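Both of the next two complexes hold chain A, though its partner changes from chain B to chain C.
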Partner chain A sequence: MTAAAPEPKANMGQPVPRYDAAAKVTGRATYASDMPLDNPAYAFLVTSAIAKGRIDSFDLDDARSVRGVIDIVTHENAPKLKESKLFSNGGYAGTTIQPLKSVDIAHDGQIIAVVIAESYEAAREAANRVKVSYTAVAPSASFDSPGTTAAAAKGQNAQFKEDAEVGDFARAFDAAEVKLTASYDTPAQHHNPMELFTTSCAWMGDNLVIYEGSQYVYGLKNGVAEQLGIDADKVRVVNPYVGGGFGSRGSMTPRTAIIAGIAKRLNRPIKLVPTRDQGFTIATYRAETRHEIRLGAGRDGRLVALRHDGAEVSSRPDAYCVGGTKTTTRLYACPNVASLVSIVRADRNTPGFMRSPPEVPYLFALESAMDELAVKLNMDPVELRRINDTNVEPIGGKPYTSRSLMACFDEAAKAFGWSQRSPQPKSVSDGDWLIGYGCAATCYPTQMAPSAARVRLQRDGRTRVEIAGHEIGTGAYTVIAQTAAERLGVPLEKVAVFVGDSDLPPAPVAGGSNSTASTCSAVMMVCDQIRQRLFKAVMPSDSLADKAKETVGISQAPSTQAAKSDRPLDIEKAFDALGVGIVEEYGEWKPEGAPLDSFMAMHSGHARLVGGHQMKDKIAYAFGAEFVEVRVNRFTHEIRAPRLVGAFAAGRIMNPRTARSQLMGGLIWGMSSALLEATEIDQRNARYVNDNLADYLVPVNADVPGVEVILLSEQDDHINPAGVKGLGELANVGTNAAICNAIYHATGQRIRKLPVRLENIEA
Partner chain B sequence: MAVQALSTAAAANNPLTKATAQPLAGGTTLIDLMKLDVMRPAAIVDINSLARGWSAIEPASDGLRLGALAKMSNVAAHADIQRNYPVIADSLRLAASAQLRNMATLGGNVMQRTRCSYFRDISYENCNKRNPGSGCAAMDGVNRMHAVLGTSDQCIATYPGDFAQALIALDAAVEITGKAGTRSMPFAQLHKAPGSTPDIETALQPGELISAFSVPGRWPRSVYLKARDRQSYEFALSSAAVALDVQDGTIRDARVALGGVATVPWRAREAEALLKGQKFDDGLAQRVADAAFADAKGRQHNSFKIALGKRVVAHALQQAVTMEI
Partner chain C sequence: MSEKSGSGPSGFDRRAFMAGAAGSALVPMAARAAAQDANVSAASDPALPVDVTLRVNGKDKRLHIDARTTVLDALREHLKLTGSKKGCDHGQCGACTVLIDDRRVVSCLTLALAAEGQEITTIEGLATDDHLHPMQQAFVDNDAFQCGYCTPGQIMSAVACVKEGHAGSEADIREYMSGNICRCAAYPNIVAAVKQAAPEIMKG
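Here is the complex of A and B:
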């Protein structure tokens, strides 16, 4: 085993290589924009240069004169589209700001025209020549801008159900022996997936095929159908590979229906490849947040009072919020808890999911505050977590299905060498560099959603698995293939997996780290249906049935019991007994506690995620602990994080290789969210300034010389049949706090606002 | 638009003499700016065919000559340059990414245009560099990366390169070839501070190309120190090119140039004057650093560069004094 393919521990699958590795490294993997189209026209977007106001007029003469221009579509001649509601209000859209509908401009970079031409270059050239006259109105850019409005999230966002509360916070905080009050800020950030926000739309008669990187092909299919006013069965979304999503492709953006509508009118396929900077405004992003944390504790470190107030920016029409207090109020034992989330409306595009949407900003606040409290208590920050560790969440009193938080802290601390650390700030240096060590907890809710699958088995073991899941780089093909191979007892190389196509059986949105748990549970179930048919063929006699009863209990029919057991199956013998060439099964799986309409919703593109704190009599989270070494240059104040160590426990690990890769990426992103990533907003005009990958910094290899991932063995039989908690969004949580805690240790300076840059370090 | 190849820069029919033509070497700046519609050349003249004569790396006992079409990576990796001109090698090594350094040429590198976000975004009308007389969006905008030295009330855009600081520090000359033949000028005169004409960035005339750089003497005691937000592939927030001639503990000659903080490659002559004839100590380093930034003017987001720049200069001096040669 190599570092990239860690030795599996108990309850872990084999670290088999990625199903799609060769296709990806040889460039044979076909992403949406690689799909060949028959005689396509090319679209280029024109986006607004103001954030608020109206379009007075277009001057299109110059643009039309570019050779190859076919049409220029503005609000004056755009296809009429129906409105789509926000996903959180039962719709499909990530924003209700529908461009090309009127002269009104609601945010910077709003789509105001689409140039269609015979080539990409001609479309771009013409788009650059479109002249627009605006009447601009002074916009509200962010928190401190005049003209914003603020209100509690509860009541305006259907998915934000409660401001968690228990006991009497005010009284307990007043009486606490040790108190901490601190404010924290996180910046706006953009996903910047490598694959741009492209779309290709091709009609065949009344049927539309959309090639587009999506984290939810059923949502996009149904959403576009709704906007076009056509039957959803007429729309197919195809994307066998997605070049990164990180949440940005979870909900529908306005671009798709616009391009589909123009393609219909033109009677030609259209390919849109927007620019990197357009991606900052035509899709979603992580909005800036502000937090106030109040912690009261006894001298022994026990929390007696915790209050977390969070504020988030959203757009004028849409009340998006992440509301991370649902997690931060439940992470530690504390009898008196209060919280309040509010939304501040500004003239911005609507924000949306971005990798661990609630946990990244909200745990930055809580895990920084815990470190500050540890300093006040003169206590090791790991021990402070241990004292407040709990198996029962404090708000509803529900037990965690499993919780390995302190085991993760202990494993990671050991690997990191934490016991050698002197708690004194500024106590370690190496030449020009001050060195600091810091740590923080991470957690992420375990979520599942209904999923269907179709599995076909042949006598020779060849297997075909069909499920409209999504390969967003996480390893979906691989773990689905492993699940089917293991369940059917066929060699892995005989399993072919098909995902990323809305003509396949529906799977949920690849979001909330639910994919592996949901898709693998569905595939397991359908494989068992196949096993049942085969067992029925070979187990007619009572003696075999009795044996099955002995091994798996007596509540079910013998073949069902055998199917669900680990009993090996002689496939060839069963096929011969059945006398068929192919056995194929379709099935729909739903998690415990899924609402009654789950399967109907699944087909119409609404994923009903359950899990986390919303389970009936239990709460399910994955946990981890992260330790970082930070170096601050005493002359330049440059900040680097040469060592990141994380230990994680997330139920069954399907494949230690792909799991490690996900977690390693998470650690790196977590560091990045602390030290590098911020979308700069020009406060005068509410426009994004660094809207490109040269100025919006993400880490390069030289920034991350040492990243260590430790996978802990954990078994949880209370979550889903696959026993999987999901870990895609686990590792980039808490890293930001660990970095700031380490900066404090290196310099004695507590920094509560991200990103931390060299000018934030005082001499 | 036509792409033509140029066989000799001295030809009378040199297509570059048209003001709307642009030379193409590595293309690492030009192609970017064309995609952004910031540069709209009517013609592209591919000068890579000149590389045979214009990419030599020629170290000699009395100085160094570098062909303008030499690739950044080749110069940075050259043993003689690493030994005798570490400030040049490091300024090249710490610039851009390996891929870009393999494509980019020395001549193109010194001609790299500013990274000012407002200059690079044509949706902003007000950029005196792009649209003379239209104003400056950066002045009161997001200006963390902008200059504190050599600014004017018309423009605060930072000169982005690294290599130019090494050249200006070492009193390099730039050799310029056009249809009238070849002329030479001090590198320090190549770039024009913005003043009231930020659209005029260099002293090159239409049709002229940089053909070579020459550096007098040898500077084994020299360093390039670069402070930046990430460890690689990032422009300087502040950098210093320092070269010293120290004999028996006395500084006989000193060169200090600054990057990331100025509108043009910036020579800190007042600071250099303080060093000559002195023995190095921390107090002197501090006075030199203060002198280098005496005229600096910060704005809303970039004032930190003044204090940072001083620390970078002081630390670079200390590194140069203590380096083993």
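Here is the complex of A and C:
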């Protein structure tokens, strides 16, 4: 076993190489903009240079004079599109700001024109020659800008149902022996997946094919159909590979229906490749947040009072929020809890989910505060977590289905060498470098959604699995193939997997870390349907058992029992008994507690995720612990993070290789969020300043010297048939706080605002 | 279709084009003004297609393309070699990295006309007879990618990194592979892959 392919522990699958590895290393993996089109025209976007106001006029003469220009589409001649509601209000859209509809400008970088030309080069040149006259109004950029409005999230965001509370926070906080009040800030961040936000649209008669990197092909298909006013069955979204998502491709953006509408009118395929900077404003992002945490504890470290107030920025029309108090109020035992989430509206594009949307900002606040409390108590921060560990969440009193938080802390602490740490800040150095150790808890809700699958088995063992899942780098192909191979007892190399196509059976959005749990549960179920048919062929006593079942309602048929067990199956014998060439089954799986309409919703592109704290009698989360070494140069204040160590428990690990890679990437994302990433906002113009990959800092290889991922064995039989908790968003949650806690240990300076850069280190 | 079969001289004066417009290709308006001053007929309207022959993965490819076309867009849009990826079009991310005369270059900042007469190697040209190149195999073995979008650029860069003699230590590999962004952050696995493939590539 190599580092990349860890030895599986109990309840882990084999660390087989990725199903799509050969395609990805040879350039044969086809992403949306790689798809061949027949004689395409090229689109180039023109975006608004003001954040608020109106377009007075366009001067298009110069642009039209460019050789090869076919058309320039503005609000005056744009295809008429129907509105789509925000996904959280029952629609499909990530924003209700619909460009090309009127002269109004709602945010900087809003699409205001689309140039169509014979070549990419001509479209780009003409777009640069479009002249626009605006009447600008001073915009509100962010928190503290004049003209923003603030209100509680509850009541304006349908998905934010409660400000969690229990007991009497005010009285308990007043009476607490040890108190902490602290405020924390997180910045706006952009996903910046490597693949640009490209869209190609091709019509064949009344049927539309969309090639676009999407984390939800069923949502996009239904959303575009709604906007175009056509039957969803006439729209097909295809993306066998997606060049990174991180949440940016989970909901529909306005560009898709616009391009589809223009392609229809032109009667020609259109290919849009937006620029990197346009991606900052034509899609979503993680909005900036502010937090106030109040903790009250006894001298023994037991929490007696916890209050978390969070504020988040959203756009004028859309009340998007992540509301991470649902997690921070339930993580530790505490009898008196209060919380409040509010939304501040500014003249910005609508934010959206970005990897671990609620947990990244909200746990940064809580896990920093826990470290501050440990300092006040003169207590080891690991021990503070241990004292407040709980198997029952305090708000609803529901038990965790499984919780390996402290096991993760102990494993990671051991691997990291935490016991060697001297608790005194600024006590360790190496030449010019101050060294600090820090840690934090990490967690993410276990979520699932209804999913369908189709599986076809041939006599020779060749298997085809069809499911409209999404390969965004998570290893979807691989774990689906492993699930089918294992369940049917066929060799892995005989399994072919098809995902990323809305003509396949529906799978949920690849978001909320639900994909593996949902798709693999569906594939398992459908494989069991096949096993049942085959067992039935070779177990003739079924008819008697069926009869018994019908008459007295007892006992499953032997074939059903055998199908649901791990009993090996002689496929050839069963096929011969059946006398068929192919056995194919389709099935729809839904998680326990899914709403009644969830299968209908699944087909119409609405993923009904259940899990986390919203389960009926239980609460399900994956947990982990992260330890970080930072080095701060005492003269230049340069900050490095040479060691990141994380231990994680997330139920069944389908493939330790892909799981480790995802968690490793998550830890690096967390480091990046703590030390590098921020979208800088021009406060006067409500404009993103660093909208490119040179100025929006993401880690490069030299930033990442040492990452260690420890996978803990954990079995949870109370979540879903696959036993999977999901881990794509688990690792980048705790890192922010762990790094700030380590910086405190290195320097004695507590930093409560991300990202931490050298100019933020005082001395 | 802009790709043409057959071979022969392009008939386009690259020197004149370079003087007139190529350096300003990312600023079309400046390019236009400069070209008019120079009174170079082909460059007076950069949208007028020009003939160019690119040698890609050992084969000559004749193209009739907009003079401002980059190597990346020539590969992707005109030669249907979509392995090289567009991640920024500004030379900031490295996803478009190809080898030109064995040097790694960002093909999004290289005009197709400027690459005429040089040997372009793309990800599609690395594997031979269905055998993966040692670097490709090392990327598979070490799970050195997730979404895979940056991978062709990483691999081309990694091959050059080894041949440049910059794969002697992990620290060197990290430094000399830092022109290629991997947003999934497979970095430690990329370092492991380069380390694994380096001896085999140097051997032969």
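General observations
Here is the rule we use: the second predicted complex is superposed on the first by the 749 of 763 C-alpha atoms of A that agree within 3 Å, B and C clash if a C-alpha of one lies under 4 Å from a C-alpha of the other, contacts with A are read in each partner's own complex, and residues count from 1 in each chain.
The rule is short, and it goes like this: contacts are C-beta pairs under 8 Å (C-beta built on N, C-alpha and C of every residue); 3 or more make two chains touch, one makes a residue touch a chain.
The shown structure was predicted, so the numbers you read here are calculated from the model rather than taken from an experiment.
When the two structures are aligned on the shared chain, A:T26 is found in touch with chain C, with no touch to chain B. Touched residues of chain A were counted for both chain B and chain C, and C has more of them. In the superposition on chain A, no contact is made by A:E7 with either chain B or chain C.
Judged by the touch definition given at the top, the superposed model places A:R18 against chain C, while chain B stays out of reach. When the two complexes are overlaid on their common chain A, residue A:E383 makes contact with neither chain B nor chain C.
After overlaying the two complexes on the shared chain, residue contacts for A:A702 are found with chain B and with chain C alike. In the superposition on chain A, contact of A:G473 is made with chain C only, not with chain B.
When both complexes are overlaid on chain A, the residue A:M194 reaches chain C alone and has no touch with chain B.
Using the contact criterion defined above for the overlaid structures, shared-chain residue A:D56 touches neither chain B nor chain C, since it reaches no partner. Once the two complexes are overlaid on the shared chain, A:E572 sits clear of chain B and of chain C alike.
Residue overlap on chain A between its contacts with chain B in one complex and with chain C in the other: 128, 694, 699-703. Chain B contributes residues 37, 97, 115, 117-118, 121-124, 140-142, 144-145, 225, 227-234, 237-238, 304, 307-308, 311-312, 314-315 to its touches with chain A in the complex.
Of all residues in chain A, those touching chain B in their complex are 49, 128, 277, 432, 633, 635-638, 640, 675-676, 680-682, 684, 689-690, 694-695, 697, 699-703, 757-759, 763.
Of all residues in chain A, only 2-5, 17-18, 20-31, 33-34, 36, 66-68, 119-122, 124-125, 128-129, 192-196, 241-246, 273, 275-276, 471-475, 657-658, 660-662, 664-665, 668-669, 672, 692-694, 698-707 touch chain C in the complex they form. Of all the residues in chain C, the ones that touch chain A in their complex are 28-29, 45-48, 65-66, 68-69, 73, 76-77, 80-90, 92-93, 95, 122-124, 126-127, 132, 136-137, 139-152, 155, 171, 173-175, 177-192.
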